[in-house]
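This report concerns only the one structure given below.
Chains here go by letter, A, B, C and D, matching the order in which they are written, and residues are numbered from 1 within each.
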């Protein structure tokens, strides 16, 4: 299995733990990734707010680069990238006028975009292409007794994703169960973490992160598992501020890929748990069962 | 939903003025009623279709279609009930079969398949009448006139000319007892 | 007691504004709004808004352009799309918010010293200049431009990031930067053509 | 073009007020048609369907010796009958008439007056060409079988059956559940009068059960319908009850003596809120008062099936029920489904609705949070004969004394599954009123604070707005806003342990979080899951929304496109009980009108075979779905039994020798119609530009 790979800016910056853990996990499962050559920022949610045409063009450049690889599918682990690239595909398919503007703009630098590369999320690939059985087979250190609150955030299931239920996604739940851990049921799986508002309007943004952390603790979770660099950042980085404003709600937040690496028994530099500001201390490995 | 491509109203001559003529055969129970519904709902569509009401799409004789084309229609639309919904159980299936056979024949004649269209439109689908008529009008506009009567005239002229030529040659060659009499000069093949 | 006049006159409307917004790709369904308030009911940020999302929808439809473009609501939208998927009339409310943000920026009417539009603009500039975003650098710039004092409060956060190896002021960039610039110019050109 | 000398056509184009005249230049059409050969007279007139309009046709026939009439006006489906009548009154055979549709198919759907006028001319010319070939025909009268089939034993079917039976007609009432009563039997009270549903329904139910003219078949389904108006042959499957209906007295001793001492299985009548035994009667007032056995759970059956689909009898049970039944011997474990055939002349379809599945709106947590209920569940909760004896207690939680929790605050969410493009776009019409009814009843039973969350309150009925007013007086809260979500996460201490409703109070313009003990979802109405199969069975149509389609939304609201099949109740669209009963009465009256006339007039559009032309190839024979085409072996010719022919024309369209003729749709008629619509020059702008535009009136 081989996919084009669009890391996005966050995975090279504050969300580097996501890439550092995801790539080895996928390799471990026999997935080959080919990083897009000279990719650019997808435009995220900010660019759309300034200029729709340019935002689409910026994202479409990456789709064009992906088409060049000849691989029909591209992996986009960051939720914002995943959403924006999918949205751009929809827009290019739905609105001929937009397609014309974007295609002409890409032509000016010798690029062509048919918008036919499928943009996939790692969860989708893991659950549907690789399958839980293959994952379960790779688990060498089951996360027995670990209570994980799966947190999907908003942008991978809304509004374009088709690989999971919009109201009650379960792909990460199934994945976590395959790792041997226990899934904590909570109704906040897809609630907003505050997005960039945690920085721009802390009063509003941090409240949302606070609710998530508080409810995860209340329902007995040991750790929150995320799929998005911004969610991870918001739930990990603002504990001091949240404690000052409301109450201390210390619970670590890690990427699902870090939990996978842990269960697969990958080395520390591939689970990169030290990247969390709230340190996640995994349960001790169970004693090896006699054969 | 695209608006009806309203035929140009400006009094300028030329190809741009041309607008297709479509003869439609609608079954009484589904499609004709749907067209009534489109009317009651005041949906707007292209004025290029002339509807002939039949009790069932199964009544559509392929000759009706050929006759319409031969008389100058640029396309023929047949509307029946959805499969399984025929008021007469399965007349629409019979039409479907005929349509498929006819399409093969039309292809041999060089007539584009889009010119003879079969659609299932239920009594509740006024919207679909509008969509299909507009689509078909736009498609036929893109295809251009079929112009069978004009083609017949041209073919007749050709055949007449050929007949004259043969006649002249025969006359020059003298009588031949083995041959049947050739076509009379000036006689047209298509009445 | 200070009183303010809240009545709206017809002259306060900008006729055609609603239609104009509804003609933008993704914004068409607004005409079907029944003002049920589901958008506000599910919006996690509606509790801070000056107009609820539902009110914004009605103000757009009724051509109250000035009120809408100056509202805080459009900047509070965190693009979580909850409203869009829950709307019983399938109105893409998030996309309408984007459209309104774009118009506010174009017309320069967003609230002064408000960090969100500043962030959006800085973000865009960085994509344009470098092709990629260096997050910590971007955020630092935003604080310097909107509220330098608040930047001081973020020192702890910066330290946390540094400690975990996630802080970097180095600008990541695309190799063929001229390609990005050309594409953006071409978009302007094409859009200009379309407008003409 | 020449016409046979004797043809004298009169042409009339109707303005229909402005309906046609605004888009079609009627005068120009009349002037043009006047130039066609054979046309003796061509007029335009304001309203052709009016008495003076019809009088005009009659006068002209006499005065000008017309022998053909063409009217260009609305759809023939609307007024063909009217004008045929006028032509007949004028002394002509009514089939020397043809109608041109220039309203529904022209003036109402086009926007260019010049092109619409040209189209009207083309269509009118085609009719002139066609009508020349018309022949005098005779309407056939077929006697009507006076018996009636009513499908569905809800309040619509009950009322219709009673009306017909009281008029002396034999009625077969077929219901697929074990008892009649439908949804109404499960309601506690009815709005706005608050009279008890059972008190007004049960007398009617038992009347049905004992009426000499009604054959009541419950636990039965219609499986096949053949024939046509006046003469339907219907097959009804009578599902095995494992109890012989005629022998069961309804004493229920078998239930008391069942080996299951306690009821253990989900009680569907009570929305699974209660339990029943394998042998049961669905509810105390069930009609007929006959028990039945559920082979899925009864110990005397295996869970496996015989090759014919019937459950395998295990004989493992002690059969205490049989013992209890004693001499009556009503229980029969070997009973099988039976198909019976009946003959009826008319059919009333009253198959009702189903309620929307609340799980389809996940934001409201039905199926996730136990204390979220559907309205139908609450109907059973507040009902004295319901699973809790009328005590409103929650599925989850306890009172301080340890008893099941009584709600202190209740949120009722309107429009669940209605007015929503993602589910059903229609308004279900009854939810506002039943929500207020439940608000009243819940308050009466529990004294709780009640919040109604609505998008719009719709109270269009007698006494409905007054009921709303009464609720306001009772102090029920009405919050205008569609609820965003129902969750159990908390922000404040008073939210702990409650369900929290998050909603915008759109009238106050603020977002609110309201903690409640109980949430009631006012689920909307939907077509039955098998509506599509049922409509095929009876040859009806469905609208795009899935409800059965009436023949005309205003003028034929209980008729269908199949003559002799009528609709009543919610199968045609959501409606409340008064409207349902009114419609059931109307459908019964329509059926009675047909029956008492004694015969149906059949359109004489049947086909016949020209003996001289038939080559005996038999290709027509398998095409006829009614086996109306027979083959005379001695003469080697096919012939049609016109009594069986329905007039579809399928055989005509495929006869290779052209030897089959369909009355009213003869080849010559259709070919001339084709020639007629195409005889004009193709319309181009160049040509239309020469026309003098006529000011729109």
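Assume a contact is a pair of C-beta atoms (placed from the backbone, for glycine too) under 8 Å apart; a residue touches a chain by one contact, two chains touch by 3 or more.
Computed from a predicted structure; not experimentally measured.
In terms of C-beta pairs in contact, the better-connected of the chain pairs C-D and A-C is A-C. Note: centroid distance subunit C to subunit D, computed from Cα atoms, is 49 Å.
Chain geometry summary: the mean Cα position of subunit A and that of subunit C are 23 Å apart. A straight line joining the Cα centres of subunit A and subunit B is 57 Å long.
Among the residues of subunit D, those touching two or more other chains are numbered 363.
In subunit C, there is no position where the chain touches two or more neighbouring chains simultaneously. Contact with two or more other chains is made by no residue of subunit B. Chains touching one another, given as pairs, are A-C, A-D, B-D, C-D. Residues 362-363, 365, 368, 487-489, 491 of subunit D touch subunit A in their complex. Of all residues in subunit C, those touching subunit D in their complex are 32, 34-43, 46-47, 52, 54-55, 86, 88-90.
Every residue of subunit B that touches subunit D in the complex is listed here, in rising order: 4, 6-13, 16-19, 21, 23, 28-30, 32-33, 35-36, 38-40, 42-45, 47, 50-56, 58-64, 67-68, 71-73, 84-85, 87-91, 94-95, 98, 122-125, 130, 145.
Here subunit A touches subunit C in the complex through residues 9-10, 12-17, 38-41, 43-54, 57-58, 61, 91, 94-95, 97-98, 100-102, 104-109, 111, 154-155, 158-159, 166-167, 190-192, 194-197, 199-201, 203-205, 208, 237-238, 240-241, 274-277, going by the rule given at the top. Subunit D contributes residues 363, 415, 419-422, 455-456, 480-485, 502-506, 509-511 to its touches with subunit C in the complex.
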